[in-house]
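Dumping the structure here so I can ask a few things about it.
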């Protein structure tokens, strides 16, 4: 994944956890705005894959306000149910197991409704509806901002439709040990995570666009 | 079940399919209105059980417009699901069977979500929700007004919460054979059905309140 | 307005209040069903204007259950607001009067919000929204079924989009004097009203399709 | 307005624009969480007025994510409409002016509906509904994060129900000139604004809780 915008000479590559420090507040502030409004026509921010394919708006996950991020919003749950249904498709034995039990319940209900003596009909349920039926959701503890960030990382890496996670101005909430742990945690997986920060962070690798618009790794 | 209103000297008993003819249009029209507004304070219609207990509004099922009656309205389906859940409670073996299969599906999903590696939680579903999950509904053919009436009778006799079905001005829609069949059909069960008509019906037993307010059986 | 269906040799014209008696219960019952399902492909009932133009489903107003007819349902109110807005369009002076007052209120609010010192914007309201704002609705007394029928006639004649009102099996609710009054009332206006009845009505003009499918005026 | 929490020896007073720097990330992060969850029982953060009265949850306005703050959310608009209605109450002449025009429109509509010849009724509208009718809303330009912050300040100072605005980690988005301007802008009004920051800000007055939990002004 790469990002680019007019002030950069070449695109920045985001393959690993990438901390990108933008020292100039104007540039920082505008860049954040561009991430928020990614996909609008006037937007000068480019995000694209190695194949030059532009990232879709739906593939971008931008988070400023970690504490108010709802892991169990209906849009997130819908993505999770889709993922789980696909995951189940890859395991035909387990899927047919569930279908076997569903059919048994179906038969029980049919028999029972015949006894009940009212002409009733039922639909075959979709596997995807099973998750909703069991009210499956993310077990978010949200104990601290750091813990919540780890949960967001976990969620993001499971949502195949999301290709880039951008955390904005979040490093102030982590101690140095927590930040190290977060970076290691992100490194263990393959999904790119971009952390955009307004100030240099001590002791971690970072790309800096300084006040003179000079880029250093 | 009995009904009474000021013009009657004694209450009318409705134990079997009861056809009640009210010849005076004013009285007929007002009686229909009172059935519609049963439960309102100014209402002069009394409906009560042998124990003198007044019928609750929720126990009365009044139908004028057979064709637009929706067997699968959410309020009717809710009653049916309750009935079915109670019916299942009376058959512990079948109920535990369904619960057994539900638990298996629950376990499959749990295992699958562990493999999927996201911390997910699920709720134990209520048996009553199973009906909604399978989108169980009444298989209404609604082929003719007569057939639809039979379906309404079937539905009514299964809804234990409904204690009296009142069909208003419906005999015009049935041939004499159909009416005979309808009466026999209702007689086979124990739930009282009152048919209120504006004119004498040939060839069937009926209670008549004539134009002189004289009551004959 | 004319109606036709296979059993008729020629179409029946409905120019004035037309009482159409169908003695055979099967034919009566099926005809009612066809009025309910007018517009569906299998339907054998034809309703058309003198120009042979078929009546649209939205132009037909079929009422079986007078007591539960809601004059102030959102769909009826929407039609009334449209009619009133058109009526106002025909009276430019009155319309510009209302707009004049609306503009004054608009200016007052603008001035007030400037004083209030927050940068606020407002939209020009549509005349049609004024009715909703004043919660305009039909003053239905619904004192008796007869009175309610008169109110329905009043409403129907004002709804230009409705081209045919069909009252089904309603004569049982009116005394002979009321029916006479109803017929006179309908005659005073130009909108066709069809009353379909299962039995001959004493003392009024009517078209009868008898048990031998023979049509008499 | 004052805030207090276990690590502080005495409460911090927030009378003017107050920048509060919390250097320890753990303390910073927990404090932010406490502002988010203000009002929950386990919360150790105290916010209170000079009279010792605790701030109500509804009186607190906490903003982390300036860009996604919606000035025209229904909850904010409801507050604005209330404020405007109260503002109008203080100016009886202007209020009676608006009522005068409303009555004129009411009369026009009544006259028109009499001509239209359908028995219609209307309700007297509430002054508060006038704002909704004219779809009054905040004219938010949201041109930059800084401009949006000024708009939030403007909004906040007009919402009498809000007693404390807390901006979290927002200084990274402003240039030094913008921050100076923001502070001057806030100083011109009487409503307390607390800005909580994770790092010392150059060139502005601030209260600092340093890494040794030592408080300096």
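The letters A, B, C and D name the chains in turn, as written, and every chain counts its residues from 1.
Criterion: contacts are C-beta pairs under 8 Å (C-beta built on N, C-alpha and C of every residue); 3 or more make two chains touch, one makes a residue touch a chain.
By chain, with names taken from UniProt: A, B, C, D = Type II-A CRISPR-associated protein Csn2.
Predicted model, so just to flag it, every value in this text is computed and none were measured.
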Practice task
Going by C-alpha centroids, which chain is farthest from chain A? Tell me that one.
Solution key: C
Practice task
Give, as an integer number of Å, the spacing between the C-alpha centres of chain D and chain A.
Solution key: 31
Handout entry: chain A and chain B, separation of their C-alpha mean positions in angstrom
Key = 51
Handout entry: Centre-of-Cα separation between chain D and chain B, whole angstrom
Key = 55
Practice task
Take each protein chain as a node, join two nodes whenever their chains touch, and name the resulting shape: line, ring, star, complete or other.
Solution key: ring
Completion exercise
So the complete set of touching chain pairs is A-B, A-D, B-C, C-D
Handout entry: In the complex with chain C, residue positions of chain B that touch it
Key = 25-26, 28-30, 32-33, 36, 64-65, 67-68, 144-146, 169, 172-176, 178, 198-199
Practice task
Note which residues of chain D are touching chain C in the complex, please.
Solution key: 80, 83-84, 87-88, 91, 94, 97-98, 101-102, 104-106, 108-109, 111-113, 115-123, 125, 129-131, 133-139, 151, 154-155, 158
